[in-house]
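For reference, the structures are reproduced in the following blocks.
Both of the next two complexes hold chain A, though its partner changes from chain B to chain C.
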Partner chain A sequence: MRYTIMLSALLCFAMTAHAEQVFMTPQAYIQAQFDGATPKPKVIWLNQGLKAKMAEILNHDYAGLRVRYWQGEGEQAFKTVWILNEIGKEKHITVGIAINKQRIEEVKVLVFRESRGWEVKHDFFTRQFKQLFLGDENRLNKSIDSITGATLSVRAVEKLARIALVLDKEVQD
Partner chain B sequence: MLQMSRSKLRKAHRSVAVFSVAVLMFTAISGFLLQHAEDFGWQHQTIEQGWLLDIYDVKEAQPTVYQVVNQSEAYAVQLGHQWYINTQAIAAEDKLKGAVLLHSLWVMVGERNLYLYTESLELVEVIALDLDGTVQAVGLLGDALILKTHTSTYQADASLISFAKINVSSDAVAFSRAATLPDKYATQLPRRVSDIHYLKVLQDLHGGRLFGLPHWVIPDLTALAMLFLSISGLMMRSKRIIP
Partner chain C sequence: MKRILPLTLVMMCCATTSFANEDKVAELQAQLNALADYVEAQSVQPSKTTVGGYGELHYNNYQNTSNKIDMHRYVLFVNHEFSDSIRFFSELEVEHAISGAGQTGATELEQAFIQFEQRGGNIKVGMFLMPVGIINETHEPSTFYGTERNPIDKYIIPTTWREGGVMYSGYSETGLSYDLAIHSGLNTTTSIRSGRQHVGNAVADSLAYTARLKYAGIQGLELSTTINYQEDLDQVAGGIGSATLIEAHAVYSLGQLKFTGLLANWTIDHGQNTQGVLLESSYRINAEWGVFARQNTWDDTGAGDKVQYNAGFNYWAHEDVVLKFDVQQQNVLAGDKDGFNLGMGYQF
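Up next is the complex of A and B:
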């Protein structure tokens, strides 16, 4: 009985509409990261090694052969901004990640399309990423606290942060 | 139920149990499959069977077809949500506005996104377009990709990375035009396509939303049967213990 009630409750949640929530447009995020002066986008082509690293982090192949990013100039030459997407449970979550000198400056959930797990949009979650960098085996140097009921979204955001750091390292080296 | 004798209670318990076997098995099996649907990849596979498409009232789709610029034998097609190059399905989520073949890349353009594919149809990049409106047409000006919105015309750089406004006469641009799909391709495409996944079918099957009222009643019957069997079982036990 308990199984039926729990399953019914879960299904009710699962059936709720998947509304797209745009917290900030990618363009506005990029502009904000470079004090209003959006640099021209650049792309990094993914070689076999990079694709393998990304697949290891994502647990699936990355769909695409190149990734777009924005890099500052002058004093901001070590800063890159990445707009990346990953599926939480069923739909893509779009995340903006700013990296400066190979440390995460900011992670922000820009567009959330899942029906559950939206808690990852909150600052209390995203500020955990501040100043983190790549540790061993392309993992973050500190673990990220999960959120009950939003495990898959948390994992997706964490994966994207690691991907951004890997790609940033590649373009800075 | 409280006043029933133990034998009557046992008879009712047994009758409900026998009656419930099919309903409970159906709920348990569909629940188990739902729990493991992702292991089977059912959240990605869309339904194709005619009878399932009938249940979801999926109508025959009218294809939107554009001639691919620079490749006279190629057509970009949208059928429902699905995009194709001739008959080869490709991943895209937008309203198709045209296509060109440029530097060995298929450039498929929707209202808000641009999809780059290699000649072997491997995805290169999905570019979310940041223009002053939705794309209305796509074409080539020499070797440059041109995107046209209601109010402006944009030219992409050679690497298809950024887009800049230009002033150019529409007559100078070879636009991807609406076309009729040749029969040799049209006959190979499905007549009905749907973006409904098997996971959704399973959710509907388990939740009683697939076959009208009789199906809708099944989850209720399951819950009532389990409730009755639990209570009657406890009562039978208590009647046995207390003389």
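Up next is the complex of A and C:
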């Protein structure tokens, strides 16, 4: 009897299987950052110098030729928004990062696809990034507290925050 | 008038050429972006089959016994994604470098399960790691202090503890998560550790059940408790009967300081109860260096408390490569193995 219950439960679970956890779509995030008005996306092409900086942060080459970003106008001209992906252990984590005057305004985990380490989505974790900026060697000016059992996801989010700051500096300079 | 007309004509020509150039540039930009889209689409997607691994080499120098050097673990992960929601995970390990009849080591399958992803959780079917303690599920050497795994996670929680069965793992927005599992049981009349059947033709006349509740909703804090119930610890009617493990731990990080406490207790119907307590403090000096001190107290035989102290450091040469050193002191019951350990570990 207990094996029948187990198998039935399994079938139910398998039928409703779904992998991605979408906490917020990238489009909705960009819109929210610019008070509902989404600016046209811009593109930064990655030259050798930028690729080298990104590879140093990521510990591997960035698999892309350019990065899209969104920049405000007028009073928001110093604000940029980046939607970036990095693998924690095996799957991409999609993170939205808003930067204003070269300081992080917000980090938000938008889509989580890993099987562990989901704790990085919590505000208590992402709040740590607020107002951080680039320090020496393209590190954050303050260290980020890790989460037990979610080390790889924590690392991925931190790396993306550093990448966004490096790219923001490049487009603002 | 004669002068203005040619000037106007020249300006019109320039304007037309300029518009034509802008169109051309826009067209080229569009083509370039389309080309970049194509190239990036080829390279950005991770492979459906991934390979990873970890390993550790240990050197033990203790009084009253021979010094030893041991390639303790060499582990390979092979995982595959059948679809967005169905994935396979596996972990194959060579322990102590060499396996075979009469050899010191072993080749062991540590995990092999299919995971069905759900909204808010997942279900595992197969051979999986038990959701208990701190080290059992996450035991890559770069994630913990000390060359050797701590004795509470070895003798009381028989790490690496894996069983065959079904497990559902769920979590909520509040930071609470839980695991519920029905799985194969231990089979022992002596120590808990020797009761692991490794899911190899394992006797399954009696099953076992595990539930874990974990809270990680506050920055720096993890609270977790697991209960494991063995219907029949020796899989024989009229033997030592059922057994229950209760484990609880707390990890609190305050900046770079981390405090860990773990308690594990087995209650066995007609056998010897066992228990252990671990207390650890550590400080991460920077990205490369961290220091720690740990006290382990356990009783796995009923003869009294065994005590072991470890203190030392980890040096992360890379975020996934670690060199370790720690000094060790044990009381007589624990084996009186005072000395030091050196270790090298990696994961990828």
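Observations on the model:
Rule of thumb we're sticking to: the second predicted complex is superposed on the first by the 155 of 173 C-alpha atoms of A that agree within 3 Å, B and C clash if a C-alpha of one lies under 4 Å from a C-alpha of the other, contacts with A are read in each partner's own complex, and residues count from 1 in each chain.
Everything that follows uses one rule, which is that a residue touches a chain if its C-beta (ideal position, glycine included) is under 8 Å from a C-beta of that chain, and two chains touch if they have at least 3 such contacts.
As the structure is a computational prediction, the values presented were derived from the model and not from experiment.
Within the superposed three-chain model, A:91 lies in touch with chain C and out of touch with chain B [touch as defined at top]. More chain A residues lie in contact with C than with the other chain of the pair chain B and chain C.
By the touch criterion defined above, A:143 reaches chain C but does not reach chain B.
Shared-chain residue A:65: touches chain B and chain C both.
In the overlay built on the shared chain, the residue A:151 is in contact with chain C alone; chain B does not reach it.
Of the two partner chains placed by the overlay, neither chain B nor chain C lies in contact with A:77. Applying the stated contact rule after C-alpha superposition, one finds that A:52 touches neither chain B nor chain C. By the touch criterion defined above, A:40 lies against chain B but remains apart from chain C after alignment on the C-alpha atoms of chain A. By the document's definition of touching, of the two partners only chain C reaches A:21; chain B does not. Shared-chain residue A:122: touches chain C; no touch with chain B.
Comparing the two interfaces of chain A, the one with chain B and the one with chain C have residues 14, 43, 63-66, 90 in common. By the touch rule above, chain A contacts chain C in their complex via residues 2, 6, 9-10, 13-14, 16-21, 43, 59, 63-66, 85, 87, 89-92, 115, 118-119, 122, 124-125, 127-128, 143, 145-151, 155. The touching residues of chain A, counted against chain B in their complex, run 1, 3-5, 7-8, 11, 14-15, 26-27, 40-43, 63-68, 83, 90. Those residues of chain C that touch chain A in the shared complex are 33, 36, 39-40, 43-44, 46, 50, 52, 79, 84-87, 89, 115-120, 122-123, 125, 134, 137-138, 143, 166, 168, 171, 175, 182, 207, 216-220, 222, 251, 253, 255-256, 318-319.
Within the complex, the chain B residues that touch chain A are 27, 31, 34, 43, 91, 118, 122-128, 130, 159, 161-162, 203, 206-207, 219, 222-223, 226-227, 230.
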